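First chain written, first letter: the chains are A, B and C, and each begins at residue 1.
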Amino acid sequence: MFGLDKKDASLLLIVTALVAFAPFLLNPFPEGSAMAQFNAGYPDLMQRFVIFGIFAIGFNILFGLTGYLSFGHAAFLGVGSYAAVWMFKLLSMNVLPAIILAVIVAGIFALIIGYVSLRRSGIYFSILTLAFAQMSFALAYSVLTPITGGETGLQLALDDPRIFGSATTAEGNIPVPGFFGLEMRDSTELVLGNWVFTFSVGYYFAAIIMLLSFYLSIRIFRSPFGMMLRAVKSNQQRLNYTGLNPRPYTLAAFVISGMYAGLAGGLMASMDPLAGAERMFWTASGEVVLMTILGGVGTLIGPVLGAGLIKYMENIISKINSDILHSWFAFLPDGLEDLVVTLIYPFIGKGWHLTLGIVFMLVVIFLPGGLVQGGQKIAGLFGRKKAQEPKNATTEPAE
Amino acid sequence: MDAIILQILNGLDKGSAYALIALGLTLIFGTLGVVNFAHGALFMIGAFCAVTLSRLLSLSHKVEIPGAVDFLGNPQMRDVPYIYEIFGENLGATIIDWAVPLSILFAIPVMILIGVIMERGLIKHFYKRPHADQILVTFGLAIVLQEIIKYYYGANPIPTPAPSAFVGSFDFGALIGFDPGTIIYPYWRLVYFAFAAVIIGAVFAFLQFTTFGMVVRAGMADRETVGLLGINIDKRFTIMFGLAAAVAGLAGVMYTPINSPNYHMGMDFLVLSFVVVVVGGMGSLPGAVLAGFLLGILESFASMREVIDIIPGINQVIIYLVAIIILLTRPRGLMGRKGVMED
Amino acid sequence: MGILEVKDVNKRFGGLQALGNVNLSVAENTCHAIIGPNGAGKSTLLNCLVGKLIPDTGAVMFDGQSVLGRTPFEINQMGISRVFQTPEIFGDLTVMENMLIPCFAKRDGSFALHGIRSVTSEAELRDQAEQMLEEVNMLDKRNMHSASMSRGDKRRLEMAMCLVQNPKLLLLDEPTAGMARADTNNTIDLLKEIKEKRNITIAIIEHDMHVVFSLAERITVLAQGTPLVEDTPENIKGHPKVKEAYLGEAA
C-alpha cells in the first residue's frame, strides 16, 4: 500500500488512527474531575505534539540515519517561522504560501550551513552547527531587528500590506491565518456527558501535514538514498572505496532535515502568527535532540513518540503544584504526606526540566535505543517463549 | 592607543574565564578522551559555592537593641551574624566582607569531590562509547545540575560583591603615563586576571614538574602505552577530572563579583568555551589558554563603538565566526597536534 | 603498456623516504603480486594507487588516465576496487544491503538521489547481488546482520562487494592475513575461479608466499621503498637479491 511493505503500512495506519482520534484519546478524564489536568486534548497542546513531531522526524533523518549530531537545528525552525510571518505580513493570511516559503527558506539556509559544517565530522560538526545557530540567534536578536523584530519578536500589524488579502477584518482587527477560508483558530466542541472534546481546524491541518511528513520519512528510510545514509553512518571509508561520494548524501540529508524543521517553524507561525529569536536558541536545538533520543534514534516512530512525551511533560507536569500534590496524597497520615510531597515537589511544576534531564540521562545510559527499544525489550520479555526457537536458529556463532 | 589598551584590559577578565574553563575541558578531553558538556555546570557550581559560603557566614540571629523600642513598645531587634560572636565584630565583619576570596578554600574540596563523584559514577562508563553519547549524557547531566541549583537558589541572579577593598576602579592610564581618566579599570577585574594567571601557572607547573603530571602528560600523548607500562592511569585520570572540576569551580567563584551568578551561566560560558577549545586545538593545553585570552580580547575589540558602526552586530558573532574559519582552514586549531581529531 | 603504470613515484614522510623511484607495470588480465619485508612501502604504494595518498613526484596511470589528484570514489568509478587488510564492510547493514550499495554505485555513479522508490523494488540489482552472493557461497546469509559474521565471511563479503562492480583492477591488501590454512586455501581457490571466469586484473600485496606462488604470474619485490626485481614466480624463487632483502645482509 502506498509503496510501503506490510509492516510500514500498518505502522502508518496506526499513527494515522492515533492522530485522527487524538482529541478523544488525549481527553480520557471527564471535565471537572481531579484527573482532568492530565488531559492533553486541547488544540494548543495537540498542535505542538504534531509540529514538534515533524521537527523530530526531520532531525532523525539526519541524526538517525547518518549519525551526524547537529546541535543547531532550531535555527532552521526559527528561520521558517520568520519566513512564514513575513508571508502573512506581505502576501495574505493563507497558510499555504507561508508554509511553502518557510520550507524553501529553511532549505536554502540549511544548504549554506550544511555545505560548510559537513566539511567536518564528529564533534567538530556538532560544534560548527552549534556555532552557526548561536550566530543566527545573536544576529536575529540584535542587528537583524528590522527583519526579525528583535527582542519583541516578529508580529503582525494592522498596517501590514497583505497585497492579496485584506489588511484588516471587517471589525478592524488583524485577520487570522487560514487555509482557503478555513480559519486555523476555528474549532467545534463535542459534549458527551461530562466529557468535552475539541476538534480544531489548526490541529487537523497540522496533523495531516505531519502524516504526510511521516509517510515521506518512511519512504526515505526504505529508499536507496536512506540505505546510503545508513552506510555513511556505518563505514564512510568503505563507502568512499565503493565509488560513492558521502558528502552530497549527507548534505542532502542535512537539507531535507532542515526543510522539515522549516516546515515545523512555518506551521508554528500558522497556528500563532508570531516568531521570536528564542526559537533559535541552542537549548531549543537541544530539545529536539532530547526528543529524538528519548523516543528512539534511527527508528521511524521514535521521534514522534519522544516529541509527544516531552511536550506532554512540559505542559502537564509543569502545571502540577504543591496544592495538587497535597490533595493526591491526602489519604496518607499528615507527616508522611508532607514527606512524600517534599520528595516529589522538586520534580514537578517548575522543576520539570529536572525530571526531563534525569529521564534523558537514564535513557542514554541504559536504553540508547530510546522508548522504542524499551518497548521491544518489554515485548521480548512477554513473548520470549514463542520467540526463543527461531531466534536460536538464526544466531550464527561469531568466528 | 589608550582605546586599544582599554579593550585589551576589558578582554582580559572574560578571556581569563574562557581560558580557565577551556583548560579544564582540554584536560578532560586530553586525558580521558571525553567531551564534557557538563563542564560549564561545574563553573556555575563554583560560583554558587561562593554564594553558599557568603550566606553561611552571614547566618544571623536576632538580638535586642538595648534601649530602642518600636512604636508598639516592643524592643527593637537587629540581626547579628553568629560569626561576630566567634571572632568579634570587627574580624567577623571582615570575614563576611571577604566571603568571595574565602570561598576558594571552601570550593576546592567541594569541586574536587563533585568532580571525582562525576567521573567515578558516570563518565567512567562512557570512555568507550561514541563521542555523540558522551555529549548527550553530559548534556543531560548539565541540565540536571543546573535545575538542582535553580531549585535551591531560584532563577534570579544573586549579587555577590567583592571585598570592599576591591570595589571600584582605578586609573590605569595615569599609571602608565596616559592622560588621567582615559583608562579606568575596575580593581576586581585585575584581581581576576592575576588569579587566573596564578591558577594556569599552577596547573602547568603541576603537570610539568611532578611525577604525577609527567605520567598524565604521557597518558595524554599515548594512553595505551602508558597503560601497558603497568601504571594505573585510570586512578590518575580520576584525580585529573577532580582537578579540572576544581579549576572550573575556582573560575566560577572569582567570577561572581563580575557577573551575579545565575543557574544558566554555565551553559552560556560552555558554548563559548567549546569554541575556545576548538580554536586553540583539541587536546592542547597552551592552545586552550592562548585561544581563551585571544578570543576574550577579540570580543572586546569587536564591541568597540567604532567597530560596530562599520560592521553592525560583529560583537555578537565574532567568536563563532573565528571558530568557523579556524575549523575550516586549520582543523587542528592554533596549537593542536597534527592528526588529533582532525576530521 | 599495462593497464596500471606506476612511473618514478616518490613519497616522503618527514625524513623517511617511503617510496623511492618506484616503477611498476601491471599487464591486463594478469595477477601481479607485490611482496617485500615489513616497512618496504607496500601499503604506501597501494594508498598512492587508490587516492588515499598523493605521491610527491611521479605518475600513476590507470587505463590510460592519470589517477593522481582524484579521490578514492572517483578512482573506484574508473574501475579499481580495493579489498582491505581488515575487512571493511557496512557492519550496521545486512549482507544484502552491503551488496546492493556497490551495485547502485556502479549503475548510478558516485551520487544519485535514486528517487524514493523502495530498495526492494530494484529487482535487477537484487538479481545481480544474489548471483554474486551465490558465487561466493553466501546466499543463505543474505539477511544476516553483517557485523555478526565471522571474519572469514566478512572477508568474502568484502570481496563479493568489490567483484559485483566488475572492476577492471582488483587490489588485494593481504587478503589472507590472520586466516587459518583451510580458509587461506579457500580464498586462493575463490580468487583462481574469479580470475578464470572474468577478465580481471589482480594486484595483490601479500606476506604469505604460499598464496603468492599459487596465484601470481608476475612478482615485484619491494625493499626500502624501491623495487628490487620484477620477474616470474619461478625466477623469483631463489633469487639472491630477494633472499638478501628478506634475511638481511648477514645471510
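Operating definition for what follows: a residue touches a chain if its C-beta (ideal position, glycine included) is under 8 Å from a C-beta of that chain, and two chains touch if they have at least 3 such contacts.
Nothing here was measured: the structure is a model prediction, and the numbers come from that model.
Student: Touching subunit A and subunit C alike: which chains?
Tutor: For subunit A paired with subunit C, there are no chains in contact with each.
Student: Just by CA atoms, which chain is the most central one?
Tutor: The chain sitting closest to the overall C-alpha centre is A.
Student: What is the distance, in whole Å, between the centres of subunit A and subunit C, each centre taken as the mean of its C-alpha atoms?
Tutor: That gives a centre separation of 46 Å.
Student: Using mean CA coordinates as chain centres, what's the gap between subunit B and subunit C in Å?
Tutor: Taking the mean C-alpha position of each chain, the two centres sit 53 Å apart.
Student: At what distance in angstrom does the C-alpha mean of subunit B lie from that of subunit A?
Tutor: Using C-alpha averages as centres, the distance is 35 Å.
Student: Where in subunit C do residues touch at least two different other chains?
Tutor: Counting only residues that touch two or more other chains, subunit C contributes none.
Student: Residues touching two or more other chains, restricted to subunit A: which are they?
Tutor: none
Student: Write out the stretch or stretches of subunit C touching subunit A in their complex.
Tutor: Of all residues in subunit C, those touching subunit A are 50, 71-73, 76-77, 81-82, 84, 88-93, 97, 100-102, 104-106, 109-111, 113-122, 141, 144, 148-151, 161, 165.
Student: Per the contact definition, I'd like the list of subunit B residues that touch subunit A in the complex.
Tutor: On the subunit B side, the touching residues are 35, 122, 125, 131-133, 135-137, 139-144, 147-148, 150-151, 267, 271, 274-275, 278, 312-313, 316-317, 320-321, 323-324, 327-328, 331, 341, 343.
Student: Please name which positions on subunit A make contact with subunit C in the complex.
Tutor: 3-5, 216, 219-220, 222-228, 230-231, 233-235, 237-245, 248-249, 252, 394, 396-399
Student: Can you check the complex and tell me which residues of subunit A touch subunit B?
Tutor: Per the stated touch rule, the residues are 67, 69, 116, 119-124, 126-128, 130-132, 134-135, 138-139, 141-144, 282-283, 286, 289, 293, 346, 350-351, 353-354, 356-358, 360-361, 364-365, 368.
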